[in-house]
């Protein structure tokens, strides 16, 4: 039974493990190392907010700072943006809103870029995973939530 | 570095690990054993369909067969139903539809029932996790998707 | 304390009372009489289905049979259609679907047409009210739901 | 023909009558008395705003002040929150937003907690009803709207 | 091959051509002249914002200033409002939000009022067309979008 | 005043003109010729249905038959699919459904593939435009609708 086995073709699962084990530095290091042998580019981070806008910004900023997407091309921004919004659907379930419906999130996020398909000609894809809590703007009045968005780059 | 550490208070994460590692019987057994020491009731299964309705039915049937919810009370059905629909939002991202928008899913699911909060008076909660692929009704034209729904019982 | 007082300018409330008291023939008669003194045209009916489409059809058919809208003009059909869909949002809360998300409804409906505004030049409006139960396709596994749609004619 | 007959098993209808007759103190008193004989806990109130958030807060505050839900348990907050959001779907029909789509509401609300099912083991449920007007942020440019959310507690 | 042929019964297409050719004053003049021979009332304008609310306001203000709708009647405001929101669905595709999901628009809009149906008894209708760009709040990080809303008046 | 002037960087507008002028063969030929000088690949077609699924299929089939996208790569299918769904949001305004909410469409569609951005490194993009009528499943009970989806390839 191998620990945290990583499959190259499961970009989504890989992004999800990064956020699920995000508070365990050793596991994150291990996953990081393995994913890099598959040439995945990786960024992870945290964001807590009542503003969807801030969640989007935090992920975009991390992606640019870590060289996951280029700031020069709109197409990369476009691909990432829709992956983020898709991931937010899993978190918000029904309407991508937080403050306006009186709730807040505390999330870890991961961004992965690589070639997940066996056929290399399928090109690069990007995955955004989110995991954390959503609830009332009062500590403890919350439950967990997950989200994953995947897009071609 | 402990393998597949399980926290009692992370009902969502526990349900997610069950679907993410769902093709590794040893990990599933290990998770199962640990979750049962926390008195979690567990059901796992698989469903592939172009009909949202069949996904809902497969999970409801598994929940009843495995004694996760009672067939006698609507309140348990009601709690499970909304957890399923919430989880489907993460899978479908925007509209809980499959066939009508020409797509299909192949999913593993898990259902967990237990007391995730430190305060036992918070009572029982149910979590439904979904993981698999979504895409065109042609093998390979698909990418991964995740979903999680949590509700009080 | 007057019983079932009816205000001319509350077309929505009037439509709602007709569905809420729908199983009490005496109240319905009383409301009917009072609403007719305000020149409201009225139709009431019942529909149970797992198909949204059948709910829409049942209401449209009742509206035409009772002379609430004319079959000759699309504009009346258009006004009624959007009032029905609006009312269905209250019943379905999130996505106007029934069978595809494994649920069914049993509804009473009312349709009112008249001049609700003090200023007669505001012209005619139409209200559609729905009340009944929504739930699993099993008797008893359901709770109540309400919906109201209002449109200018 | 009995006035304002109240059925114990129609928690939704009861909540709806409280908002529909909300400007008639005598009817409200009568309904209150009858509902209390069925051990229903009741809160009513009013809120006008362009912010969905303020509508949610007003109802949550009223529920806590009147002892409808306990502030100690997240599960009660969770049940109430989703009942409120469900009710808001009927009011907003399509997207639970007000200011961002340039509209405002003036609403009466009611909250009911009790045992609506014949089988006492179905436990407690909560209903939130909303009735009032929605429209442009200009007095008179508005029409009526209704909403009802029901959840197990 | 006639240039910019205009059909009386295509109110939507006419509104769309006005926004698509909006930066070509000669074409706009030509379209304007032809549409006026069919007794269409016309308003055109531009709006750029991260607030949906401002887009709605800009169109409503233009409609009133140009006498497309009367400020005296709610029914005209109501018809226009829903045409605007319908048009915004085409622009925003999924959720009528801009700032909260970190995006902005730069739009031309047109409003047309007239009798598009062969049968004059179908009465007046209103069309709102929107065309421009949507994207990140950074110049150039954007692509085109279109929207059309049609309602009976 | 040049007729049907075509800008290379307006992939969306170009796709829209193709559907708006779709019943005028001479204009279509002219647009086709001009777009091909910019190396745009083009497909146009028609579809009428109560099934969203058939609309999606018709466009996908036309895209493949005309060599707009390759059948070998999922990434191209994925890009096209989301452009189609985006375009359908403009047509359906609120929920991408037809039959289930009792309505039908008669649409012309166009698909364009090319390099719309001044910076060639922005790579290829795809645009899907839809124009036609939506309404009750009865001839004449309908109005126009438009939709546009744009995605990076």
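For reference, chains read A, B, C, D, E and F in written order, and residue numbers begin at 1 within each chain.
Just so it is clear, a contact is a pair of C-beta atoms (placed from the backbone, for glycine too) under 8 Å apart; a residue touches a chain by one contact, two chains touch by 3 or more.
Every value quoted in this text rests on a predicted model; they were computed, and no experiment measured them.
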Which number of steps is the smallest that gets you from chain A over to chain D via touching chains? 1
Going by the touch criterion stated earlier, list every chain that contacts chain B and also contacts chain E. A, C, D, F
With chain centres set to the mean of the C-alpha atoms, which chain is at the far end from chain F? D
Quick check for the class: compute each chain's Cα centroid; which one is farthest from the centroid of chain A? C
How far is the middle of chain B from the middle of chain D, if each middle is the mean of its Cα atoms, in Å? 31
Measure off the straight-line distance from the CA centroid of chain B to the CA centroid of chain F, and report it in whole Å. 37
Residues in chain A with touches to at least two other chains are numbered 74, 78, 94-95, 97, 100, 125, 143
Chain C residues touching chain F - in the complex, by the definition given at the top: 51-53, 56-57, 60, 74, 77-78, 81, 85, 95-97, 100
Along chain B, where are the residues that touch chain D in the complex? 72-75, 78-79, 82, 117, 119, 121-123, 125, 151-152
If we count contacts the way the header does, which residues on chain B are in touch with chain F in the complex? 95, 97, 99-103, 135-136, 140-143
Touching residues (chain side chain A, partner chain B) in the complex: 1, 3, 5, 10-13, 16-17, 20, 24, 26-27, 30, 86, 89-94, 125, 127, 129, 131, 143-150
